[in-house]
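Letters A, B, C, D and E mark the chains as written, and numbering starts fresh at 1 in each.
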Amino acid sequence: MAPIDRAKILTDLGVFGDFAVYKLRPEYAMLPAADRKAAAAEVLAVVEKHKDKVIVDAYLTRGFDAKSDYFLRVHAYDLAAAQKFLTDFRATKFGSYSDVTENLVGITKALNYITKQKSETLNAGLFAATYTDPAPRYAIMIPVKKNAEWWNMTPEQRLKEIEVHTAPTLQYLVNVKRKLYHSTGLSDTDFITYFETNDLGAFNNLLIALAQVPENKYHVRWGNPTVLGTIQSIDSVVKTLSDADRSM
Amino acid sequence: MAPIDRAKILTDLGVFGDFAVYKLRPEYAMLPAADRKAAAAEVLAVVEKHKDKVIVDAYLTRGFDAKSDYFLRVHAYDLAAAQKFLTDFRATKFGSYSDVTENLVGITKALNYITKQKSETLNAGLFAATYTDPAPRYAIMIPVKKNAEWWNMTPEQRLKEIEVHTAPTLQYLVNVKRKLYHSTGLSDTDFITYFETNDLGAFNNLLIALAQVPENKYHVRWGNPTVLGTIQSIDSVVKTLSDADRSM
Amino acid sequence: MAPIDRAKILTDLGVFGDFAVYKLRPEYAMLPAADRKAAAAEVLAVVEKHKDKVIVDAYLTRGFDAKSDYFLRVHAYDLAAAQKFLTDFRATKFGSYSDVTENLVGITKALNYITKQKSETLNAGLFAATYTDPAPRYAIMIPVKKNAEWWNMTPEQRLKEIEVHTAPTLQYLVNVKRKLYHSTGLSDTDFITYFETNDLGAFNNLLIALAQVPENKYHVRWGNPTVLGTIQSIDSVVKTLSDADRSM
Amino acid sequence: MAPIDRAKILTDLGVFGDFAVYKLRPEYAMLPAADRKAAAAEVLAVVEKHKDKVIVDAYLTRGFDAKSDYFLRVHAYDLAAAQKFLTDFRATKFGSYSDVTENLVGITKALNYITKQKSETLNAGLFAATYTDPAPRYAIMIPVKKNAEWWNMTPEQRLKEIEVHTAPTLQYLVNVKRKLYHSTGLSDTDFITYFETNDLGAFNNLLIALAQVPENKYHVRWGNPTVLGTIQSIDSVVKTLSDADRSM
Amino acid sequence: MAPIDRAKILTDLGVFGDFAVYKLRPEYAMLPAADRKAAAAEVLAVVEKHKDKVIVDAYLTRGFDAKSDYFLRVHAYDLAAAQKFLTDFRATKFGSYSDVTENLVGITKALNYITKQKSETLNAGLFAATYTDPAPRYAIMIPVKKNAEWWNMTPEQRLKEIEVHTAPTLQYLVNVKRKLYHSTGLSDTDFITYFETNDLGAFNNLLIALAQVPENKYHVRWGNPTVLGTIQSIDSVVKTLSDADRSM
C-alpha cells in the first residue's frame, strides 16, 4: 500500500479537492483529559489508513473565523475515497465532536483562459515568477460563484476579463501561492480558490487588486465564508484544540 | 401485498418524488454499539412494510455536504403514502436521531417543451442517446426556481429558451442520467432536478453548459442546496453512519 | 359555554387566523411511551377548554417540510383568545416539546377587488363554481408579501392585475378551496393564502398559472415557507407524532 | 431613591429605548413548579431595584411570533443603566432561561420633518387628534431601515415624502398610538417604530396606508421582525409563561 | 518578557486587529458559584501570559445586541500570536462556555485617500480637532463591505467620494474616536470600523451624516452586525457575566 505521491497529486488534473470545515462542539472540552490526549493519535491512524488514496492538509482557524475551528483539505483521484476518509475521520473521538459547517468539493482542470495559445504573454508571466517568501504560515479558502451574465458571455469576452484579472496579480506570485478547483454542480459554488502566504498584508493587497477589476461585477459569491487559517500538521491542529494538558 | 414495480413507477407520470435530506445528530454516535448495530435491520423492516406503496432510494452525502449526512428519495403514487413511510422511518432508532435539513416534494409530468410535436429534432436527440458509462456511483439533487419574468414569457419564448438549454446537454446523455420533478406550490422550489453519473468531471461540464445558456438568467434558485451523494443501498447508508463496529 | 359556530366563523369577516407551525424536538421521542400515550388526551382537553373562543384545525407536515412536523390554524373573533389557547397548548406535554418555527397572524376582510361592483363577470365566476372533488386530504399555507411598487399602484391598476390573476384560477375552483387572510403590520407578510385540495397535480397547475401572471413580478415573498400538510384531526396528528405504541 | 417619572421619560427627548425580545428555552418548563412560582417575584425585585434609573414595559408574544415569547421595552436617560437592568434581569431564574432573539437600541429625538415650521398644517393635524379607543391591549414593534437613496435625498425631498407619509395616517390617531426611536449606528436599523392599539383591523389598515406611499420604496427593512404582543404587566408575562400551577 | 507598548501598537501600521464577538452559553450560569468566581482570575492570567505579544480590550454588549454578550479586540504584530491568545482564552472556563458569533480580522494601513498630498485641507481638518469629551464609555464595531462598482472606480473618483464622506464627519472628532482596519481577503468584509464615544446622540448623528453621502450607495455590508458595547476591563466583563455573587 504505497502512499499517494503528494507532489504529483497536487499538480495533476482531474483530481478532487474536498474542503471540510469544522467547528468543535463545546462538549469536547468537557471530556476527560485522557480522551483528549488520545485524540491526535486516533486521527493520525485514520490518515495513515487512507494514505494510499488521499492526502490530507489541516489548518487551524480558531480565533480567525466565527463558524469554524479548523478545516481539512483532502485530495483524491476518486471522490468516493475522500468520502471514505472523511467518514472514518468523523468516527474518531475528535471527529465525532466536530460539526461540519462548510463542505465544498471541486476538481482540478487545465487552465481555461491564460494558456500559451490564448494569452501568451500573461501565460509566460504566470510561469516566470515563483514564490520566494519564507514558507507560508497562512492559508485562505475563498469560494467564488459567478452570475448568469458571466457564464453567458462569449469565451472571448471571458478571456478578456480574465486577462484583466490576471495582469495585476502577477506581482504577488512571489508572496502568494494559488490553486483553483472547479465546483459547478458539485457544490453551491463555481470555484474554490485556495491561497497560501506568509505575508497577509500582501495578500490583502492582492485581493483588493482582484476587487478592482470588472470580473468582480459578476460575482454572486466571493467568500461567505472566507476561511483563514494557520497551516499546521493535523497532529498539531488536534492537539491544540484538544488542550489535553489542562484540567477543566 | 405486491411490491411496487420499480421500473414502472420511475417512468410513470403523476408520480410523487419526496426528497428528504437528513443530518444525523452527534448523540447517535454515543449510543451503545448494539443499538447502532440493530439500526439497519429496523430501517429495512420499515422499507419492507411499505414496499407496496413506496420505493426508496438512499444516498450517502457525509463528506460532501455540510448540512447533511444522507438523503432519501421516495416515490409514491399517493403522496400520503410517502408521508406514512417517512413518518415510520423517523420513528426508527436511526430516524429518531436524524434531523431533516431539507425536504422537497415534486410530481412527474409529461415533457412540456421538447416534445415530438413542438421540437422534433431535439426530441429525437433526447431519445437517440442512452447512458453507456459504468453504473453511476454518484447522484446529485439540485432544486431550481425561476423568476416571475420567466413564468410571464409566452410558451413560445420559453420553448425557445428550453431548446437552447437542451442542445448542449445532448452530448452528456451518455454519461449523465436525468429526472425532473415539478414542485411549484408543493415546496419552495419550482423543480427538483436529479442526476446520476459515474463521471463527475463530465457532470461538472454539463452544469457549466447549463450555466452558459440564457435560461440561467431567470433562475432565482439553482442549488442551495446542491446535494451530492454516493448511491448506496439504504442498508449500507445506515451501517456506514452507524459505525457499529467501533467502540467509542 | 357554547362552542363557536365553525361554519359561521369560517365565513365571517374581521376574524383572526393564527397559523402556528411546529417542529417536535427529538427528545419527545425519548419520553416514556405512557407519557406519549397520554399526550393526545391532554391536547384535546385544552381544545375543549377553549371551544367557546377558538376553533382549531390541525395538519401533519412531517415528511413534506424540513422545518415542521405539524401546524395549527386557529380562528378567533378576539386575537387574545387565540394567544390564550396557544399558550395553554404550549403548556401541554406535547406542546412543551414543540418548537414554533413559523407563526403568522392574519385577519379576514371583505373582497377588495373582485367585487360585484368592480368586476362583475369575474365575481360571478368566483361564485358560480364550487368544489366537487372528494373531500380534500391536503392543505397548503403560503405567505405572500408584495413590494412597494405594487402598493404604490393606483387601486385601478391593482384591480386590473387581480383580474388577470383571477381569470385563470376559476377553472380550479372545482378542485382547490381557497381562503385569504390579511397580515400587513401583524406579521412579516402581507397575506396568508390557504388552500385545500385532494388533487395536488391540479394544485401544482393552479400555482403555475398564478406564477404566469404579471402580479407575480411584485412578490417579494411567495412561500418561504410553503407548508404542505395532510388534513387530520388534532387527535390524529398528536397520536401519529407520539408513536405511543413503539418502545424505543 | 425616587422612581423615574413615567409620563416624563415617555415624552422627553434624548431618552434611550432598549427593546429586548426573548424566547424562553424549553428547559424552563421542566423546572420544578416551585422554582417557576418564585420567578415573577424575583423579576419584580429586579425591576424595583432599578426603578430610579429605568422604566420597564412588558409584552407577551407567544402565539403570535415564532422567534419570541415576550419582549421588554426599557427606557433610560443613560443607556448604561438599561444595560445594568437587563444584565440583572438575565441573572434571574426566568431571565437565565430566556434567549435574546432580537435587541434594538434607539434614542428619542425632536420631530425632524413635520414641525410647525416646516409643515404647519400636518403638524397641527398630528396634535389635533388623540387616541379615543378603549385602552390598547396590543403593541407592535417594527424596525425600519432606509436605503442610501433615501438618505442621499435633500432634506426638502425627504420632507415631501414624509408629508405624503403622514397625511393618510392622521385618521388613525384615534385608534393607534405611535412612538419613534432613532437607531442609526446603535443597532442594525435606522428606526424602531412602536405602536399600541386596541383595534388590529384599523392597525392593519394604517400599515397598508403606509405601504401605499412612495417612502415605502426606500425601505430595506420594514419589520423582520414585526413583533406583535399583548400589553401586560411584567408580573403577568412571567406568570403566564411560568405556568406555575401545572405539574408537568 | 516586556509587555507590548499599548500607545505604539495602537498607532503603528501593519498591525493586526482581531475582533472576536462572543455569546455566553446559558449553561455557564448553572455552574457552581465558586467556578464562576474563579473565572476572571483565570482569564486575567491568560492575558498576562500573552502580554508581550498582544494587547486585549474588552466590551460588554449584553442588553444591546441579541447575538453577543461581550467582544474582545486583540492587537498583535503577528496574527498567529492573536490566534494563540484567543485559543488559550477559549480554553479557560469562561472561554469554554463562550460561543464565537462573529470574528473579523483586519490590518492597519496608512491613510489611502485623505493624505496631505491628495487632500490637504481635509487632512489638516482630521488632525486639527481632537476628542474633548469625557472618557468614552461606549464602543461600536461596524463592518463595511463595498460593491464591485466602488472598487472599479478610478482612484480619483474614490478620493472624491471619500472627501465628500470626510467633510461632514470633522465636526464629530471632538466626541467620537475612530480607527480603521482593512480586511479584504482576511474576513468576509472589506473594513472594520471601530468607534469610541461618550455621546451616543452625537454618534447617531455622525452615522446619519455618513448615510447621507453618495459613498453609502456602494455599501453591500454596513453593520450586520453593528456591535455596541460598554468599554470595560476584561476583569469587569467576566465578573459581570459570571454573576458570582448570586446563588442560582
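FYI, a contact is a pair of C-beta atoms (placed from the backbone, for glycine too) under 8 Å apart; a residue touches a chain by one contact, two chains touch by 3 or more.
Every value quoted in this text rests on a predicted model; they were computed, and no experiment measured them.
Chemist: Shared touching chains for chain A and chain D?
Modeler: The common neighbours are E.
Chemist: Which chains make contact with chain C and with chain D at once?
Modeler: none
Chemist: Using CA atoms for the superposition, what rotation angle relates chain B to chain C, in steps of 5 degrees?
Modeler: It is a rotation of 70 degrees, to the nearest 5.
Chemist: Report the inter-centroid distance (CA atoms only) between chain C and chain E in whole Å.
Modeler: 46
Chemist: Just curious, how far off is chain E from chain A if you go by their C-alpha centres, in Å?
Modeler: 28
Chemist: Two or more other chains in contact with one residue: find those residues in chain C.
Modeler: Counting only residues that touch two or more other chains, chain C contributes none.
Chemist: Thinking of each chain as a vertex joined to the chains it touches, would you call that graph a line, ring, star, complete, or other?
Modeler: ring
Chemist: How would you write out the ring, from chain B onward through chain C?
Modeler: The ring, traversed starting at chain B in the chain C direction, is B, C, D, E, A.
Chemist: Quick check: in the complex, which residue numbers of chain B touch chain A?
Modeler: Residues in contact with chain A: 26, 29-30, 60, 62-66, 137-138, 140, 142, 200-201, 203-204, 206-208, 211-214, 216-217, 219, 223-226, 228, 230, 240-241, 243, 246, 248.
Chemist: So in the complex, which bits of chain C are touching chain D?
Modeler: Residues in contact with chain D: 14, 16, 18, 20-21, 25, 79-80, 82-87, 90-91, 93, 96-97, 99-103, 105, 107, 109, 148-149, 151-152, 182-188, 190.
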